[in-house]
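Read through the structures below before going on.
Presented sequentially are two complexes of chain A, the first with chain B as partner and the second with chain C.
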Partner chain A sequence: MTKLLEVNDLVVNFALRFGDLTALNGISFDVDSGERLGLVGESGAGKSVAGFSIINLISKPGYIASGAVLFEGRDISALSTEQMRHIRGNRISMIFQDPMMTLNPVLTIGTQMVETLKAHRPKISRQEAERIALEKLSQVYIPSPEKRLQQYPHEFSGGMRQRIVIAISLLTDPALIIADEPTTALDVTIQAEIMDLLMELCTTQKMGLILISHDLGVVSQTTQKITVMYAGKIVESGPTHDVVAAPKHPYTQGLISALPQGLHGGKRLNQIPGSMPNLTSIPPGCSFHPRCTHAMDICIQHTPELQTDETGSRQVACHLYG
Partner chain B sequence: MKTKSTWQRFKDSYILYSFFRDPVAIISCVILVTLTIVAFTAPVSAPYDPYDTSSISILDAELPPVWMDGGDTNFLLGTDDQGRDLLSTMIYGMRVSIIIGLCAVALQAVLGVIIGLVAGYFGGKLDSFFMRLADVQLSFSYLMVAIFVSAVLQAAIGVGRFEEIAVPFLIVVIGLAQWPQYARTVRASVLAEKKKEYVEASRVIGLRSNRIMWRHILPNCLSPIFVLSTIQVANAIMSEAALSFLGLGMPPHKPSLGSLINIGFEYMLSGSWWITAFPGFLLVVLILVINLLGDWLRDVLNPKLYKG
Partner chain C sequence: MREKFTVSLDKVLRVESLVKHFDISGGLLDQLQWENGRFRRQYTTVKALNDVDFSIFPGETFSVVGESGCGKSTLGRAVLGLHGPNSGKVFYRGERIDHLTPKQMLPYRQKMQMVFQDPYASLNPRMTVQQILEEPVVFHNPGMRPNEVKDKVAAIMQQVGVDPAWSYRYPHEFSGGQRQRISIARALMVDPEFVVADEPISALDVSIQAQILNLLMDAQEQHGLTYMFITHDLSVVEHFSTRVAVMYLGTICELARTEDLFSHPRHPYTQALLSAIPRLGRVGSSHIKLKGEVPTPIHLPSGCVFHGRCPHMRPVCQEEIPRLIDLENGTRIACHGVEQGWV
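After this line comes the complex of A and B, so read on.
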């Protein structure tokens, strides 16, 4: 059976004046209907680029150098702009980090919702579009949606706006939602609300979800699978529960021990020393070795391959397990 | 709470609130509205029809205003060199000036907005081409171009025919001369708006470029366009007056304010100052109130502007 989304050995480059910069270096992952995948890593690891490259909207000068994005068995990385437009926002939706910015400030949310529907179903009537919009607004628990349709984005609070953004992304009943740090701009209570909502929608609508986040706490509570990225590569992936309970890659171990939850009061927070290398000067061998506490000689010379362990469900790219 | 009607939204809006708090804006608006109504109802509001040659008597020529010696109570502000009632001629002239001003600005705005939007949104070579074109055009004085074109046109089709097409000619010349102002303003706002996330979001939603440009970006660029428009109407009316004053605009038998000033100019030193002075005064008032309204609009629509 074909998976809902399969990303195979994807390489994304940015063409710069002094040559190409590799932002994603051969990453692969897959998501099935109703499945929730977490994409985790520090700032600059390439999480968002991965999200954008799925819908082929990498900002220039970035481009997909090789690899394939199979959506429902079809390679969508090479589709024309017009063909891609039918998938974007229709079959695959995206939710962004900052709900303050993703809604057009001068149009009512009703207008914006109707317009989205009309873009994908040219024949739909206004009444029908408004009916669907109302339905989706109540699905994300917006109270008195009729009134809300007439209002402008500034009349909503941050959490409400993110729920409206989610409602907009649900309009066309997509098969997959890519959520790029959907709760980073919101406070913690709202964050839980939004994540619960997303989880509920995935279960009831059988939607796939890719949750892009730097927050391992959020990801571990909401996803079934997790993929950890570092400097444009996948360093570890597997079922969320297993990876969080017993991380193998030193980077994942570092991320987890840096979570404040694991500590009993009065101690300093753990941190991973140093910061992610600039993509222009990725160190040779394993790109994590300068920050790794377990670094060996081989780490400087050879780049570890992503290898599947004996259980068959987990993968890790580290010489410790080679 | 019921949803608000458009009228109620307007009534509660900040624009109206600040309008009633600004006496200068109120006075300017009242004067402008009065002048515009008077101008556009000219056949009713003017005591005489200056275009009707049968009602004009050359014997009435150069009568002074009514409060001066020799003034005629029939002619409130006196008469011009052909015996036309100056007040009526001014009202008709103001109508011509306002029509040319508005149409020229509409032409500028359409051209400038389309070019600015396309150049700003697509960028690249298209952008460079249009912006260099704008640079080149702005490096010519539009007066020089207008003089040149009208001279060639008058020679080519004859003065009589030229006078018939004077209004559309002025609209096109003034309209074409000023589109770079709009294109630059719009382009600058588009460049700023394009970077915002809602544009990216609408692309992710799967909207077409056209739709993003016109429906999402343009409405967010409207405030500078409004402000520029008020100032450009004043500029266009002034340009028209300048061209007419130089004899390149409206002919003497269908005068605009500029050509009236020009006509009167010849009689100024012989004592008939009113033929120039009243139209001149009207022109100044008209342009002043438009500019004052433009200033007010800029302050309202741009709250970031520091007002000391």
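After this line comes the complex of A and C, so read on.
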């Protein structure tokens, strides 16, 4: 049984004047229909590049150096621009962080929705396109959708705009949605509503979801599987509940204990010393070793491989575990 | 009368019915409205703060939380006199400071410092770290010898975890976390008593946030600082603060000790806000859904500003503005429902 999306050993480089910079160094993960995967990491970890490279949206000088992106069993990493157009925005949709940047400020919501549908289904009539647009707007709980179609993005609040972006991404009934920090620009109460909506859509429409976020709290509440990234590599992955309850990699452990949880109010937080290395100067061996409290000699010399544990569900890349 | 005076002295800061409205009506032509056959001049104001009352005690961390647009940053700035309030009073150690001239304000400026949200925007890119840190000390203590100033800069840099050997570098050579350390160092340079920190960690990564929070806590211990901490991040508030004020549309709806607020939120808005915090290990969400959206602060709702979204709304909420009442455990709350016992 093929998975909906399988990313195998993907390497993404950026060609710069002084040579190639590796932004993604051999990452693999998969998502099935109706499954929700969280990609977590700090800025510069490569989580957004991972999301972009799935739908081949990395712009020059970035390129996919090796590896495969299998979507419904077919490698889409080497498709031509024309072929990719049938998948991108159609079978795989993407939601970005800032809805105001995603929406065109000078076109009404209705025009933008009809335009999207026409781009993917050239034969569709305007009436039919509007009917689908209305249906999708009510699916994301936008009140009085008929009136809303005539309005411009600035007439909506931040939360409403993100709902509209989600509605647009649903127009073509995609099999997979990639959401890159979809709620980072929003307030907590609105964030909770948007996450509820995304979860509900995944369940009812059998859609796969890749949630890219720096917020472990949001990811742990929304996803079934989690993949933690550090400096372009996956350091740990597994079922969300297990990873959050008992993180194995020192980076994941540090990330979780650095979160203020309210359990030990007023006490010093467990901090990870230093900061994420720049891509131009990734340390040799395990790239986390300069910040790691368990660093051994082997960590400086050898890069740990991502190894699956005895249960078969969890993976960790750390010399502490074999 | 005398009693009241002594009480106010032991508070670092006291704010009494502070009101701040911003006039956004623009030029004369923008203000003119055609109505019933004649022109009428109409002003548009954003009602950022409406009758805000609170006190901050020495050594505590007083957090102000709320969603974007609730007036929390305006409050921080009004307290420091960066925005002159329309009405109301601000007392620092019992002295009224809201009506002072810039010159009269000087001694207080040294006692009250601010740390801003964006460390990329709050440090002058054309000054070295040394210059950035020296400037406030030299300004407030013109008599200080250059050597003393240098020593002080080195000591404070050491304290905030930035290598003093880097003092001749420019801000762009530092990462976000280090820049925020420099902003904190700049605030500490003049030995303040009271620091307003406006979202000091929201531009930073999680692992760096923990470093900066620890630094703020250490600085508080070493310098005996009092913090007013403005943030939208509720888990940080829970960890970090002594008391919390929850703001909604320019008013304080609940003010309580951190433990009380997080274990027994009383105001319907606080309850909804707290239930929406994403928590590690909680599967799915069971947050309280509020209907509608935050109204604009240009046209405030009548009565309780929250009534349009409140699940416990009754007719009185539409008519009367609820007063901030004191409950038995020191919690202050503005809600008709809690006051009359139906919430």
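FYI, the second predicted complex is superposed on the first by the 320 of 322 C-alpha atoms of A that agree within 3 Å, B and C clash if a C-alpha of one lies under 4 Å from a C-alpha of the other, contacts with A are read in each partner's own complex, and residues count from 1 in each chain.
Simple rule for what comes next: a residue touches a chain if its C-beta (ideal position, glycine included) is under 8 Å from a C-beta of that chain, and two chains touch if they have at least 3 such contacts.
Predicted model only: the values in this text are computed from it and were never measured.
With the C-alpha superposition on chain A as described, chain C and chain B fit side by side in the combined arrangement.
Looking at the shared chain after the overlay, A:Leu255 reaches chain C, while chain B stays out of its contact range. Contacts of A:Met160 after superposition on the shared chain: chain C is touched, whereas chain B is not. Comparing chain B with chain C, more residues of chain A are touched by C. By the touch criterion stated above, A:Leu21 is placed in contact with neither chain B nor chain C. By the touch criterion stated above, A:Met101 is placed in contact with chain B alone, chain C being left untouched.
Look at A:Ala65: by the touch rule set out above, it reaches neither chain B nor chain C. Residue contacts after overlaying the shared chain place A:Gln150 against chain B, while chain C stays out of touching range. Once chain A of one complex is fitted onto chain A of the other, the partner contacts of A:Gly89 are limited to chain B, with no touch recorded for chain C.
Remark: in the superposition on chain A the angle formed at chain A by the CA centres of chain B and chain C amounts to 80 degrees, rounded in steps of 10.
When the two complexes are overlaid on their common chain A, residue A:Ala295 makes contact with neither chain B nor chain C. Of all Cα pairs linking chain B with chain C in the superposition, the shortest spans 6 Å. The contact surfaces that chain B and chain C form on chain A in the two complexes do not overlap at any residue. Across the complex, chain A meets chain B through its residues 55, 57, 85-90, 93-94, 96, 98, 101-107, 115-116, 119-120, 147, 150, 165, 168.
Against chain A, the residues of chain C that register as touching in their complex are 67-68, 175, 177, 205-211, 213-214, 217-218, 232, 234-236, 238-240, 258-259, 262, 272-273, 275-285, 287, 289-290, 293-294.
Within the complex formed with chain C, the chain A residues making contact are 42-43, 157, 159-160, 187-189, 191-193, 195-196, 199, 214-218, 220-221, 241, 244-245, 254-256, 258-262, 264-266, 268-273, 275-276. The touching residues of chain B, counted against chain A in their complex, run 1, 3-4, 196-198, 200-208, 211, 215-216, 219-220, 222.
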